[in-house]
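Chains here go by letter, A, B and C, matching the order in which they are written, and residues are numbered from 1 within each.
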Amino acid sequence: MALLTVDKVSMFFGGLAALSNISFSVEQGEILALIGPNGAGKTTLFNVVNGFYKPSRGEVRFKDRTVSGLKPHQICRLGVARTFQVVKPLQRMSVLDNVIASAFLRSRTKAGAERRALEILEFTGLMEDRAMISKGLPLGKRKRLEIARALATEPELILLDESFAGLNPAELDVSIEIIKGIKKKGVTIMIIEHHMKVIMSISDRIVVLNYGQKIAEGTPAEISANPLVVEAYLGEAEGA
Amino acid sequence: MKRFAPLIVLAAMAVLPLLGLSSYVMHLLILVIMWSVSGMAWNLLGGYTGQVSFGHAAFFGLGAYCAGLASFHLNLSSWYGFPLSIPFVAATALVMGLIVLRLRGPYFVLATLALGEIMRITAENLTDLTQGNLGIMIQRTWVEKTGYYYVILGVAALTFWVVKLLAESRWGYYFVAIREDQDAAESLGINTTLYKTIALTVSAVITGFSGAFYMNYMGYIDPQVVFSLGDISILTIMVVMVGGVATYWGPVVGAVIMVLLAEVIRSLPYVGTAYQTLFGVLLIVIIIYLPNGLVGDRQTLARLFKKKGAAV
Amino acid sequence: MWVQLEVFLQTLISGVLLGGLYALIGLGMTLILGVMKIINLTHGQLMMVAMYVAYWLFTLFHIDPYVSLLIAPPLLFLLGMFLQKTLINPVLRVESILPHNQVILTVGIGMVLQNLATIFFTSDYKSTPVDYATDAWYLSDYWKDAPFELSLSYPWTVSFLLAVGITTALWFFLAKTDTGKSIRATAQDRDAAALMGVNVGLMRVITFGLGSALVAAAGCLFIPIYYLFPSLGSQFTLIAFVITILGGLGSTMGAILGGLILGVFESMTATYVGMGWAPVGRFAIFVAALVFLPGGVASLLKRKAVTK
């Protein structure tokens, strides 16, 4: 069943078309990767799905309900959570408080929220750092905190925006395990990434954007063999 | 021990009048407590939720006029100003919120400043209702200061307790999340507009109580005084900034300092008229060196003193 | 009927003349806002300082306020640079909970300036009674059978023309000189400008000085036609803001249009609604602009350009 449907979505900023006629769906339980060169419109698409932008044309449906036009907090309530490319920790709060703040969405009481938060910190390997003020965390842990916060809202679909960017190999392995763990819990994942190895190894399907348009969609094998994709990343091949 | 600090302070304050203090000292204490209330109220919106309002005089003045006009037009006791102010101030806060809360950063600051000034000018011009610049004078309930002292102490205790309760609750987390990163907060399911409105409304109503008290205590108000940008709105901000933003005791410390400083400076022979200059300088120094106030930056302050001590 | 037309036209003329001066005030602030993203809540106080300088020069040395245009703006330029370097730059580097420290800082500076003026000059209203204060050109002098009378006050008109001159000079400076272009580059993209060799720190200091000089010039142009008192500063700070928001942040063209619009609007309000309500009208426009047209007039201009 299609959990999320992006239906002929276009996004115009003044005269610039950041997204043109994008259509695809995300199936329940899968990991869908969104790739493309810088400036292709990937984060813009996330902003549309998440509710920060209302699409100029087209609509977004989550579980058969139109969500384009709703505010981000409403969309989150419905079950879509999101991380940010440039991480946004609640800087002066501790790691634990960051996740508690987010867990309050589903738990009315502080005790309940704290319990949920601790579970998630355990799951994302941040338990030891729970009392640390999040401003002081190194990048890898900040990225994990982003994920932890998003998970605390108990989403059915989680949008991860470059959660692997800038991580060293050890941190990368930890994060990949976390993603696999999320999938095992039954949460659907849509992920923006540039890290090709990671994408190829964990994604079920891939959607490729370039200059705001969808240029390809398919399994990792299909995508890596697609000449359009290769061209988009590497430019025109010399000769024919 | 620390947990009981507020109760201990409250108890100490409660017995203070029994020591037979002079009327002047009582007056200062009452001012300190009143400014603590205004400061704590502003802190809820500014310090915790990060929305810096330069227009809180609008609420202070409105509360004052509710009390004054209750007596002047409706022939009720001016103490009715307290309950009467709630719907008026809350309604004003909601309307203000609709206009300004969608604005970010500096735009919010300016809009609140403008709205505060609009209230003042409106009060000056609606002479049929407010007597304009003639002001409102009422019969004070008590001659002795003791009664007023206990009223404002009660309001302050209630305010302290409400702020503490909110800050430690779900709402408190949401307020701070909004302050730290509004976009992240939205994405985590927090209805930022709703919570900003709640913070604004609670902050406004408490400030209104402060104003209603002022009317009852002073016996005379006019638009220039109670809707004043410099003497109410900015002074409230200074109380919190000097004392410590987003702390429980910050506004109290700030109120003590600002009131005492004002009195001390005003009574000095030559320096007297320059008190605004000194306040301005104080504000500048605090902003640059102790931006989180005395309570907020107490570690920085401690280090400064340690350094001096070590040099001896 | 002619009477009504006369009242309307006279109000309109007053509005435009006022608007020209307002534009000059708004330009300084919009530059500062555009380049440094700083809200300068002491803008009006700087103008007040310049007016006191002009007053002092007039009272002590009989220097005409228009001549003070050569003295006060350079002085305020230096003062502005000094404030930027010693107070504002440090604050921008400070780490604190409240995001608006810079705004509060300028409030503090404004308080100091205003209070110092009160101490040195008292809060009595001062003025520079120049000989030509009440001179005016009358329509009936040129058009013998005019159905109505219109007057152009001499000092108002001279101030307006000088304001136009200064604005034009500013435009040339920003558009044609290297420094001017560096300033615009810094406003558009600070990092890109730095990468291209623009001394961003110096540009910021110069811009604050320039903004102060502009508002000082406005002060010199205002003093022949206005009263001077210390709290004038805060009034004009608010005016500068309304114009900046109305015109569109950082847009010089917007500030000019915003100034004119505000001038005419205030003039109309004063004539048709009542003197006391003019300040409210000012604020009402401010709030309305913030809510309905957050990009200001500049965004309307841009929209027209794009749809072409």
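To be clear about the criterion, contacts are C-beta pairs under 8 Å (C-beta built on N, C-alpha and C of every residue); 3 or more make two chains touch, one makes a residue touch a chain.
A quick note: this is a predicted structure, and the numbers were derived from the prediction, not measured.
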Quiz item: By C-alpha centroid distance to the whole-protein centroid, which chain wins?
Solution: B
Quiz item: Where the centre means the average of the CA atoms, what chain is farthest from subunit B?
Solution: A
Quiz prompt | Dominant interface by contact count, named by its two chains | solution = B-C
Exercise. Can you check how far apart subunit A and subunit B are, centre to centre, with Cα atoms defining each centre and the answer in Å?
Key: 43
Quiz item: Taking each chain's centre as its mean C-alpha position, how far apart are subunit B and subunit C in Å?
Solution: 33
Quiz item: Measuring from the mean C-alpha position of subunit A to the mean C-alpha position of subunit C, what distance in angstrom results?
Solution: 48
Quiz item: Got the subunit C residues that touch at least 2 other chains?
Solution: 97
Practice problem: Could you list the positions in subunit A whose residues touch two or more of the other chains? | Solution: 92
Quiz prompt | Residues of subunit B defined as touching subunit A within the complex | solution = 168-170, 173-174, 176-177, 180-181, 183-192
Quiz prompt | Contacting residues of subunit C [partner subunit B, same complex] | solution = 39, 87, 90-91, 94-101, 103-105, 107-112, 114-116, 118-119, 234, 238, 241, 245, 276-277, 279-280, 283-284, 286-287, 290-291, 294
Quiz item: Can you name the residues of subunit A that touch subunit B in the complex?
Solution: 50-52, 71-74, 76-77, 81-82, 84, 88-93, 97, 100-102, 104-105, 108, 110, 113, 149-150, 152-153
Quiz item: Which of the residues in subunit B come into contact with subunit C in the complex?
Solution: 46-47, 50, 52, 99-100, 102-103, 105-107, 109-111, 113-115, 117-118, 121-122, 124-125, 179, 229-230, 234, 237, 241, 245-246, 273-277, 279-284, 287-288, 291-292, 296
